[in-house]
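Order of writing sets the labels: A, B and C. Residues in every chain begin at 1.
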Amino acid sequence: MIEIHHLSKHFGPKVAVDNLSLTVQKGQVLGFLGPNGAGKSTTMRMITGYLPPSAGSITIGGVDMLDNPNTAKAKIGYLPESAPLYADMTVSGFLSFAAELRGLSGAAKKAAVEKAITTCFLEKVRSQSIDTLSKGYRHRTCLAQAIIHDPEVLILDEPTDGLDPNQKDVVRNLIKEMGKTKAIIFSTHILEEVEACCTRAVIIDQGKVVADGTPDELKRRALRAGSVHVKITGSGAAGIAGELARLGHAGRIEDPVTAEDSFQGTVYPKAKTATGALTTEIYDLCRNRNLTLSELHEEPGRLDDMFRELTSQNQV
Amino acid sequence: MSTPTPPGDTTPVRAKRGWLLTSAGVALVAGIFLTVNWFFSLSSANLDFTEAKVHTLSAGTESILKRIDTDVTIKLYVSPEDDLMPQFRPVIGQVEGWLQRYHELKPDLIKVQKFVVERTSEEEQEAGTTGLQPQQGMWFGIAITCLEKTTLIPWVPALFSPFVDEDRIEFGLSSGLSEVTSARKKVLGLMSPLKLAGDAMPFGGGGQPTWAIYEMLKSQYEIKNIELTTTKIDPTVDVLLLLHPAGITDEAQWAVDQYLLGGGHVIAFLDTYNLVASQSGQQQRGMPPGMSPGAIPTGSNLAKLLTAWGYIFESDKIVADMGYATPMGPNNSNPLLLTLGTEGIDRSTDITKQLNDFWFIFSGTFTGTPASGLTEKILLKTSVKNQMVETSYASANPGSPSGQQQMARLNRSFRPEGKERILAFELTGKFKTAFPEGKPAPPPPAPPGQGGGMGGMGGLPPGMNFGPQGEAGEPGTAATAPIEVKAPEAAPAGSPAAAPAPAAPAPVAPAPATPSVVSPPVTIEPKPADAPAPPAANPAPALTPAPATPAPALTPAPTAPAVPAAAPSPLLPPPAGAAGATPPPVAPSGDPNAPVPLKESTKDGMVFLVGDTDMLADILAQQQILQNSNLPFAVNLVDQAAGDKDLMSIRSRGSARRPFSTIKLVRDEATSKIRDQLKSMDEEVEKINADIQSQKTNKDRNAALMSGWKKMEQKSREIAARKYQLEKEANKEVKSKLNFYQWMNIILVPAIIAGIGLLVLIIRKLKTSAR
Amino acid sequence: MRHISIIFKRELAAYFNNPLAYVLIIIFSVLSMGLTFVIGKFLDLNDASLTNFFLFHPWIYMIFGPAIGMRLWSEEHRMGTTELLLTMPISPWQAIVGKFLAACVVLAAALLSTIPIVVTVYILGSPDGQMIFSGYLGSFLVGAATIAITCAISALTRSQISCLLISVCICFLLVLAGFPSVADFLRPTMPWLANLGNGISLWWHQSEMARGLVRLQSLAYLTTLIAFCLYLTSVIIRSKRA
C-alpha cells in the first residue's frame, strides 16, 4: 500500500532524511519511533505530499505521489503533529468541509460526518466552535477529519500526544481497530504504545532507519534481551558466581551483588537464543549445590533499551 | 496507474514537474508579465465610459479624416518641459495622445512629428519658419501642412479650459486638418459695431484684445467686415453674422434682406442691453451708459426684418428668469443672468444637442409667429418662471446699495408670466422681402452741431430717449413708451399726398418727424400691408442718396397701396406701367446695372436669431466663457449656416460640470417662501413713499417728508432686521438639508452594517459556545 | 472548480464570523464618504460627479487591502492548517484562488456600502452613469490588486502584523508612483520614468478610470498584476516547504 524508496530530504546542507526505504501493507500498523528531530515528521510530510522530497519516490496504492499528487493524496488520511484546525468553525462544520474537499457530498457526506463524529466520540461537541474545545477533543476532531473519507492509508503524527491516559486508550483502540483493514503509519515517543497497537515498528535516527521489525523482534534485539536475572540464596551462594560463569550457555555476568548468603546478578547467555537452555542449566546448578533459586527472571528485552542503544550514541 | 519509478533514479523526472515554480520559472513568468504590460502601454486603445464620449475620436473627426487623401504632416513644436510653465506640462501628454489617435486612423497619410525646441537651436529656427511664435518664451504650437498649405495652431493651451477638456484639442486639430485639406475657406461677413478684432488705442496704452469668438471664427473662415451702413452684401459671402448691429441703417437692413432672399444665410445676435457697448466709448461722468461720446448704443434690433418674418424683439425689456437664475452666492441668485437648464435647450438638433451650459446676460426675447412659408425652430428658451422687466435693472450695480435695492425690488415684484420665451431660434423657408417698396432711403447726414462732438454711429444725439425710437435701441427707462415704431399716423392712403410735401424742405427739423435722423420711422405693419401692393410689378422705390430729402417724406410710402398712382416720391422715375402693368425692371436712376431687388426668395433661406450678444463677450469672465457652451453654440450656428456639419458635431460635447440642480430647487423653494413676506413689507415702505410723493405742493411735501421720514427710517430698520432673519432661516433650511445628505451618507450604511455584524456574531457565538 | 468554491465558502464564512470584516467595511465606508464630503467638499463643488470620491480610494486601499488580505495565508501558517490544506487532494492554486475570491467579496461588500453617495448624487443632479460605473470598476480592480499583493506577502510570514506592514509599504509605493506631484517632479528630467511611474501606479489607473477613460493598458496591468501576485503566492508557498 505504502511504498517508500530511497527517500531523502535536505534542508540546505542539513540532511533530514537519508535514503529511507520501507513498505507498509494493508492491515499493517507501523509505529515510527525515534528521538526528536530524527526525521519522523519530515518523512510523514513527504509521504502525505506536503513536502517535496529531495530524492526518492513515494507510492501510495500504486500511485506515485509526485506524478499524481491529487490521486495519491485522496487515498491518505493525515493527522499532522500539531492537530491543526480552523478555530472559527464548528466541529461538524469543519468535518463537513473536510468531507467536501475529499469529494463527498449530499447524503454520503452527511453519513460520513456522522460516522466520524461517532467513531471519535465527538457527539457532545458537534455544534461547538472549535476554539472552545479542550485539547483532547481537538485531537479527536483532527483525527476525525483524517478518517472521514475512510482512506486506505492513515498517517498519524503523534496521535496521542497530550492526551490523558483514558483518552490515549481510546485512540489506541481506534488505531488498532482500523489497522485491521488499513495501512497505518503512526509516530510516537511512547514505547508502550508501540507494543499496544503496532504490528511493526521502525526506529529512525538522524534520518536513517536503524531498526525495523515487529515489536517482539525489536525487543529481542535489545542487548539485555535474553539475559537471565538470578538471585540465589543459601550457604555457599556467595561463591556461585564462578560456577555460573562456567555454565555451558553462559556468557558474562553483570551486576553481581554478593552478600553472605546470597548472590544476585544477570547472566547473559552466549547466544540470545540460548536463554531457555541457560535457564535450565542454572536451575540444575542450584539444585545440585542445594541452593535456593529465589528469583529467576528471563529478560525478554525492552524497547526503550533497544531505543536507547540504537540512538543514544548519536545524542549530543 | 503509474509504475513505481526505479529506485534511485528519480531526479530528472522531478525536475520536470514543478519547473514552473522554480526560480527559472519565476524569472520567465516575471519576464512575460513585464513584456505584456510594456506592450499594452504602447497602445492607446481604450474604452470610453462617458456619456459624452469625451475620450473617443468623434464621428466628425473620423469623417474629416476619411476625406483626407493626400499626405498631411502635423508638426508639434514644444519647448522642453523645463521651460514651460507647470500648468502646461501635462497638456503635452494629452496632445500627444490625441495626435497618436489621429495618426492611427490614417497611418499612411497622416504623419506626426514632435520637435523639442531648445533655445537657439536648429529646431527653433525651423519652428520660426512655419510661422509659429513663442509665447513669453515658450513654444507650444502645431503646424499642419498639406501640399502647399499650412494651418497653424499657434498656442495649444489656448484650446484648453482650466479643466482641460479634451474635446477642444480635438476640435482644434480637426478644424486645422479640415482647413488645410480643403480647397477654399468660406467667407463670413461680419457686421458689428463691437471691436471684435481687438483695438489698439491710438495713443498707445492697453488696447482691447481680440475676442475669443473672433479667433475661433477666424481660424475657420475668411472674415469680411461689412459696415452697418452698407447697401449691398456680396452674394459670395457664405454666412452673414450680425453681432449687436446697433446703428444698422435701413439700407443695410435692406441689404441683408436682399442677401437672404438671394439664398444667403444670416445669423443675428441682438441685444437689448449690451454690457460691452455700455462700457464703450470715452466714459464721461454722469453720463448714462451708452451715452458717452463714441459709445455704442446698448440696444440693437432688426425691427424691419423681424416684423416681416413675424416677430418682435422688445428693445427696452430684458428677461428676468427665476428658473434659470445664476447663483451668485450662498443665498443669492441673479435672474438677469441666466444659466440655462437642460429643458431650455433643444436636443433635437446638432447645433445644441450636445451643449449644456449656456449663459445669457441681460438678454432680450423674441415673440411672434412665423410668417407664412417659414418654419420656426426654437433652439434656446427661458423657463416658465420668467418676466420681462425694464432695462434699467441691468444698469443697476449689484455692488452698490441702490443696486441691491433694485435687485431686491425686482425679486419682490417678480410675477412669472407662466410661458416660456424664445432666446434663440431658427427660421427656415421661403422668405419674403421686408421691403416691398424697395431700397429705403439712406439716412440723412448727421446735422452739424448737434450732440457736441459725437462721433460714432449715425450721430445719435445724446439724451435722446423720447418719442418713437429709431433702429438704434436706446436704454429705456421705466417711463419709456412702448417700442412700436409708428409712422406719423397719417393714414396710409394719405401718405402719398403727404409725401411730396415734406420732400422739399430742408433736412433739418422736419417738424412732424422725429428728430431721429438715423432712419425714418417706419410703420411696422405685417403682411397685410404688402398684400395690396401689386406683386412683382412694382419696383420697390429706390432712393438715390444724393438728392435725398429726409426720409420721413418718402418712406411711409410703402404702405401706400397707391403706389402705382402718382409716384410716392417725385424723384422716382414714373413707373413705366400703372397698376397692373408689368413695367420692365427699372433701375433707380443713376445705376442701370444694379440688380433687381428681390421680393421673394426662390431658394430656402436660413436665419438664426439670438436675443443676447454679451454671451459671446470675453470681457465677462473669460475663463467661464471658455468653459461653457456659449462660444461653441455660436460657432455651431456659423458652421451650420456655412454648411460644415462635421465640425459642429465635434465641438463641445458637453461640459465637465453637471451642477446640482436639486440643490438649486431647494434654495428656490426656500427663497420663494419668504418672498411674499418681504413683498408686503416693502409695500409698506412704498406706501409711505407714495404718501410723500402725492403731496401736491412743495411745502406739504416737505412737511410730509419730515414726518414721514422718521416713520420710514424706522420701518426700514424693522424690515431690514426682519429680512435678515427670514433669510437666515431660509439659509438654515438649505444648510440643514445639505447637512442631512452629508451625514446620512457617512453614517447610515456603517450603522446598518454594524447592526448586521453584531447580530450575526452574537447569534453565532450563542450557537457554538461550549456546553 | 468545485474545490475552489469549497475553499471560497469556508474563507468567506471565516471572514464574516469575525468582527474584523465588519469593522473594516465600516471603516472603508466612513472613510471614503467622510473624505469625500469633508475634505473633498463634495456639496460645495456643485458638480454631480463621483470622480473626486473615487480618487480617494487608492489611498484607502493602501491600508484596507492589506488589512483584508493579511490573514489569507499568515493565519493558515500560524494555525498550521497549511499542512492540512496542502495534503488534501487539491491543487495549491485552487486554494489560492478560492481564498483570494473570498477576500474580493469582502472588498465588494465594502464598495457596496458606498451606495448612499450614488443615490445622493442622482438625487442632487443628473450625473454621468457610465463614468460612475467605470469608477467602480477601476476601484474594484485596484482594491483587488492590493489584496493580491498582500496575499503573496502573507504567504511569506506567519505574523499578520509583518504582513500588514510590508504590504502597506508596497501598496503605498505603487499608489505614489503615479501621483501627479511625483510625475510632475520626474517629468522634466526623466520623462520615461514618469510614464513608467504612471504605468505601475494604482493611483494613475484609478484616476483615469474615474473620469471614464478605461484604457486597455489599465485593464491589462491590473489583471496581470493580480495574476502575477497569485502566481508568486504559489511559488512562495511551495518554496517555504522545499
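The definition used in the following text is that contacts are C-beta pairs under 8 Å (C-beta built on N, C-alpha and C of every residue); 3 or more make two chains touch, one makes a residue touch a chain.
The structure displayed is predicted, hence computed values, not measured ones.
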- Going by CA means, which chain is nearest the middle of everything shown? C
- Query: B-C versus A-C: which has more C-beta pairs touching?
  - Reply: B-C
- Task: State, to the nearest whole Å, the distance from the C-alpha centre of subunit A to the C-alpha centre of subunit B.
- Result: 97
- Item | Averaged-CA centre spacing for the pair subunit C and subunit A, given as whole angstrom | 50
- Interchain centroid distance [CA atoms averaged], subunit B/subunit C, Å: 47
- Residue list for subunit B, restricted to those that touch at least two other chains: 18, 764
- Task: Could you tell me which residues belong to subunit A and also touch two or more other chains?
- Result: 52
- Task: Send over the residues of subunit C in touch with two or more other chains.
- Result: 17-18, 238
- Query: What does subunit C use to touch subunit A in their complex?
  - Reply: 2-3, 6-7, 10, 13-14, 17-18, 79-81, 83-84, 86-91, 238, 241-242
- Item | Complex contact set, residues of subunit B against subunit A | 1-2, 4-5, 7-8, 10-11, 13-14, 17-18, 764, 767-771
- Query: Can you list the subunit A residues touching subunit C in their complex?
  - Reply: 45, 48-52, 69-71, 73-74, 76, 78, 80, 82, 84-89, 93, 97-98, 100-103, 145
- Item | subunit B-touching residues of subunit C, taken from the complex the two chains share | 16-19, 21-23, 25-26, 29-30, 33-34, 37, 42-43, 46-49, 113-117, 120, 123-131, 133-134, 180, 184, 187-188, 191, 195, 199, 209, 211-217, 220-221, 224-225, 228, 231-232, 234-235, 238-239
- Item | subunit B partner contacts - residues on subunit A that touch it in the complex | 3, 5-6, 21, 52-53, 55-57, 59, 62-64, 66-68, 90, 124-125, 127-129, 132-133
